[in-house]
Each structure stands twice: as C-alpha cells, then as structure tokens.
Amino acid sequence: MSKLVSRRHFTIEWGHCDPAGIALNSRFFEFFDWGTWTLFTAALGVNPPDLAASYGIMGIPLVDAGATFIAPARFGDAVELTSRVSEFRRSSFDVAHQLLIGGAVAVEGRETRVWAGRDPGDPSVIRSRPIPSEVMARFDVP
Amino acid sequence: MSKLVSRRHFTIEWGHCDPAGIALNSRFFEFFDWGTWTLFTAALGVNPPDLAASYGIMGIPLVDAGATFIAPARFGDAVELTSRVSEFRRSSFDVAHQLLIGGAVAVEGRETRVWAGRDPGDPSVIRSRPIPSEVMARFDVP
Amino acid sequence: MSKLVSRRHFTIEWGHCDPAGIALNSRFFEFFDWGTWTLFTAALGVNPPDLAASYGIMGIPLVDAGATFIAPARFGDAVELTSRVSEFRRSSFDVAHQLLIGGAVAVEGRETRVWAGRDPGDPSVIRSRPIPSEVMARFDVP
Amino acid sequence: MSKLVSRRHFTIEWGHCDPAGIALNSRFFEFFDWGTWTLFTAALGVNPPDLAASYGIMGIPLVDAGATFIAPARFGDAVELTSRVSEFRRSSFDVAHQLLIGGAVAVEGRETRVWAGRDPGDPSVIRSRPIPSEVMARFDVP
C-alpha cells in the first residue's frame, strides 16, 4: 500500500441518487475515477490533462473495477474519498478507494489500471508499458 | 419543420430516475443527443462516428439546448422519442425533440447546433461552416 | 434578480467529458441542479433533504430548463458556478446559473421550478402552491 | 448458472463515451443494472416498478459489483448484453453479465444483490430475507 493518500471531499447530490434515495452504484465508479486522477495529480505534480503527454503514454486505462457497498450514501451526505495505490506491478497497478461518511467506510472501491502507450508501428494498438521507477517512487512520499 | 422524423423507442430505467422516482432532467438532454444522432444517421446514411470525416467537419456542436417538462417519465415507462430539424440556417440548425409516453408528449426538447469545422490556419479554433444544400435536402425526404 | 448568489467551485472531470474532450451538455444540467440546491440551502438554512419536510411541500420540480454554451469546459478546468433566483412568481420561480472558467462565462443556464405540494385529496397529484413571502424574503439577503 | 438468459441490444452513444472515445467505465454498471431488471422481468413476469410490491420486499439492492474490461466499446458500436443469475444463495444472489460487440465479449460484469425487506419493527432498517424457492425456480426455465 503506497504511503501517498489523496483525499477529496464532496457532497452526495440529488442527481446522484436513485428512487431508493441513495447514490446509484455507477456513480461510485465515477467517484473512483476522480480519486485516481486526484491521486496522480498529487503524486506527479502534473495537471490531469497533461499526464499522458508528460509521460509519453496514451493514458492509464482501466482493465478491472469493483466496489463493495457497505452502507448507503444518501442525498446531502458529506463524503470523504481516499485513494491510494495498493500495488504496483511491472506495467499495471491497483488503486484502492474508500468512501467515508461520518468517518465510517460506506463503499470500498478497487481499480486495476495499465500504464499504456500506443504501438509505434500501429498507433491504433494500445500496449502496456513498464511503469517508470521514478513514477512509482512518487507515490511513497507521504 | 423538416419532413424527416427519426424515432427511437426505449425504456426509462432505474438508473435514469431520481429520489422522486422520475427521470432526472439531465437524462433528457442525453436522450435528445441520441435523437439527433439517430436523425442524422437516417438522413445522411453514415454511421455516427463517420459523420465528421464524411463531411469534412469536426462535428455538430451544441450551442443552445432547452426542455419543457410537461409530465414525468417514470421507472419502467416505455417512451418514444421523435426528432426532426425544425429550421436550417446558413451554418446552424435547430432540432425539435418530443418524448412521448403512452402517446402523449411528456417532454419537449430543443437544440441549436452548428455545422462546424476546424480553422485551416489553427486547428484548435472551431468555426461554423455553411451547411451544404445537399445535406439540407436529405432531411426533407419523408 | 435576487441579491443572494450561491457559488460552488469544482473541477471538470474526465468522466464529465465526451469524445470531443469537453464536458457533455447533459452534465451542465446536473451542475445547475447542484447550484439550485446550494442556493436554497444558503437561503433557507435547511439541509437539502429536509427542504420538503421543513416547508410542507413535496419539492421544487423543474418545468423548464435551458442552457447556452458559449465556450467549452475541458477536462481539468476549474469552474465557478453562480446561481441566483432571477424571478419569483406566485408559485413558480426562475433560477439563473453561470458557469465561469478563468473568470469568463462559459455556460449560461436557466431553470423554471414550481413550489409544489401533494393534493390533500389525492397525494398522487402534484399541485403548485403559493411561495411563502418569508421564503422569497430570504433570497434578498446578500 | 441459471438457464434463463436475458438479452438486450443497444448502441454505444456519443454521451456514453469519454475523451478516449470509448464508453466510460461507470456506464457499464448502469448497463448491468438494466440487464438485471430485464432478467427479473423476464423471469418473474412483473414490470420492474412492481417487483418490490409483488414480492413484499423493498428491492434487490447491490452489495458488490465488478467489471473486467477486455476490449473497448466505441461510439456507434452495436452491443448485446446478456445477463443471468450465476448463483442463488439463501438471501443473496450473483448476476453475471456479458457485453458483446461483434459477437466477442468486450466486458464481463458481476453483481451481488440481496433479496431485501424492511424490518417490521423499524422500517428504516433493511434486512435480507430468504429468496422464495418459487422465485429461484423461475430462473431455470430456458
């Protein structure tokens, strides 16, 4: 688990909620995506739209995502989202998210993403690339 | 009002609805966007992703949108969305949408879009372009 | 135009943006909804989920919405959303929204909403109700 | 794996896609939710909004969800979504989804849901309930 943790604070809005009055499950995957961008911005010091160009990649596409819904998030709830890298591998990595309401974990999220570039021979083909060690190092700075 | 009308049929889903149990207003603007693409596909005979390349434009960006909500659309409702061009001008046009439930109009939508291309001198600049007369002609075929 | 203006600051996220790299039009209608709730919270001092119960209404449903898109909102843009009531009528009101990027107006939004309650004789029927004068008064406090 | 499989056919829309031109990950979780409702409608013969009342439950809330993204879904792609119950337990069940493009699996989805009712002593408390055997039986009819 990386030491660097990013935190975001926001509110569950009317438009996030479904007829049961709780945030729709798909919204949490949007929130996790926000969290990953926030984490990478904090770690690497580049604005999100500049990440790809700064590192010569096409992006950090998602290959797996999941969530465990422990308690509902309701309209008006103030939430804290924490995000950190739980594991770096050669060319992919996992991000662990926690959405807290009143200090208790309401939703746990997990993402697996790839450090990906375009194939020089055929730019329509996306290929994983080794994650630079200096990138990994930036996530361990608390 | 152009003669060509496109129709789509779909269902109001759980995830479209808010805590009042009715489709969230922003969803209708997504539906109108679907309707415009369907209409252009029907008129021009090109797949949506090929529209820009086929006509040498960057797209048909929206400059104004509006909706009047007459009756609620509820979870499970079967809806029909009709879309037609209500006016062509030199380089912009209006699309009129109606969302019908049980044959009655529940929501009226309106979009103003621009036939737009990139400035040859500076591709980051988007400029309106004259709508080809053969494009307009395709919308009057019933 | 009421004196009370609410302001929200947020970022355009990856998930807000479409293949053109700009925020999808439907997202702005979500943002306007956020703005109206923020404005009512600031004016009336009740949490959004408590608004209906506090005032004996079922809510403030939208009957008309519109937006004018002046400049694109791109991934990573820091935006300020301002919201104020532009007109109170007997039982309906208009909210004017401005989404600013770098201090310039990128999107203008407008909503017409109804102060609505359930019919005592048939709770499935929603009826407009006179807006209490003390509610209107709260929006003029700067 | 239950024998009953529901199928939905729809198109990846402009508004489903992100700046990379592919459907945003959170959208697939909406699609899976659509699939589960379609499956339950097919199995139980009740309209989605009537499911809860017909079975004396409050709903089938999600407690876990996940997806594996194998190939991108692009603007204009025609997709088929298949959904089936992969396992019934006493009071919870898993739904397996596959999103196919051109006959190949692009995304695999999984949901765990609970057959849930309100506590008779405190309706604000949601409790799992045993899934009726006649409900389970309906999913094995091909």
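The first chain written gets the first letter, and so on, giving A, B, C and D; residue counts start at 1 in each chain.
Keep this in mind: contacts are C-beta pairs under 8 Å (C-beta built on N, C-alpha and C of every residue); 3 or more make two chains touch, one makes a residue touch a chain.
As the structure is a prediction and not an experimental result, all values here were calculated from the model.
Novice: What chain is the most remote from subunit A, judged by the mean position of CA atoms in each chain?
Specialist: Checked the centroid distances; the maximum from subunit A is B.
Novice: Could you quickly compare A-C and A-B and let me know which has more C-beta contacts?
Specialist: Higher C-beta contact count between the two pairs: A-C.
Novice: With centres defined as the mean C-alpha position, give me the subunit A-subunit B separation in Å.
Specialist: The separation of the two C-alpha centroids amounts to 33 Å.
Novice: Could you work out how far the Cα centre of subunit B sits from that of subunit C, in whole Å?
Specialist: One centre to the other, that is 24 Å.
Novice: So, what's the distance in Å between the C-alpha centres of subunit C and subunit A?
Specialist: The answer is 29 Å.
Novice: For subunit A, jot down the residues that touch at least 2 other chains.
Specialist: Correct list: 14-15, 20, 24, 26, 30, 33, 75.
Novice: Indicate which of the five shapes (line, ring, star, complete, other) describes how the chains touch one another.
Specialist: Here the contact pattern is complete, since every chain touches every other one.
Novice: Tell me, which parts of subunit C touch subunit D in their complex?
Specialist: So the residues of subunit C in touch with subunit D come to 14-15, 17-21, 24, 26, 75.
Novice: Which residues of subunit A touch subunit D in the complex?
Specialist: It is residues 20, 24-27, 29-30, 33, 58-59, 61-69 of subunit A that touch subunit D.
Novice: Inside the complex, what are the residues of subunit A that reach subunit C?
Specialist: Subunit A residues touching subunit C: 10, 13-15, 30, 33-34, 37, 47-49, 74-76.
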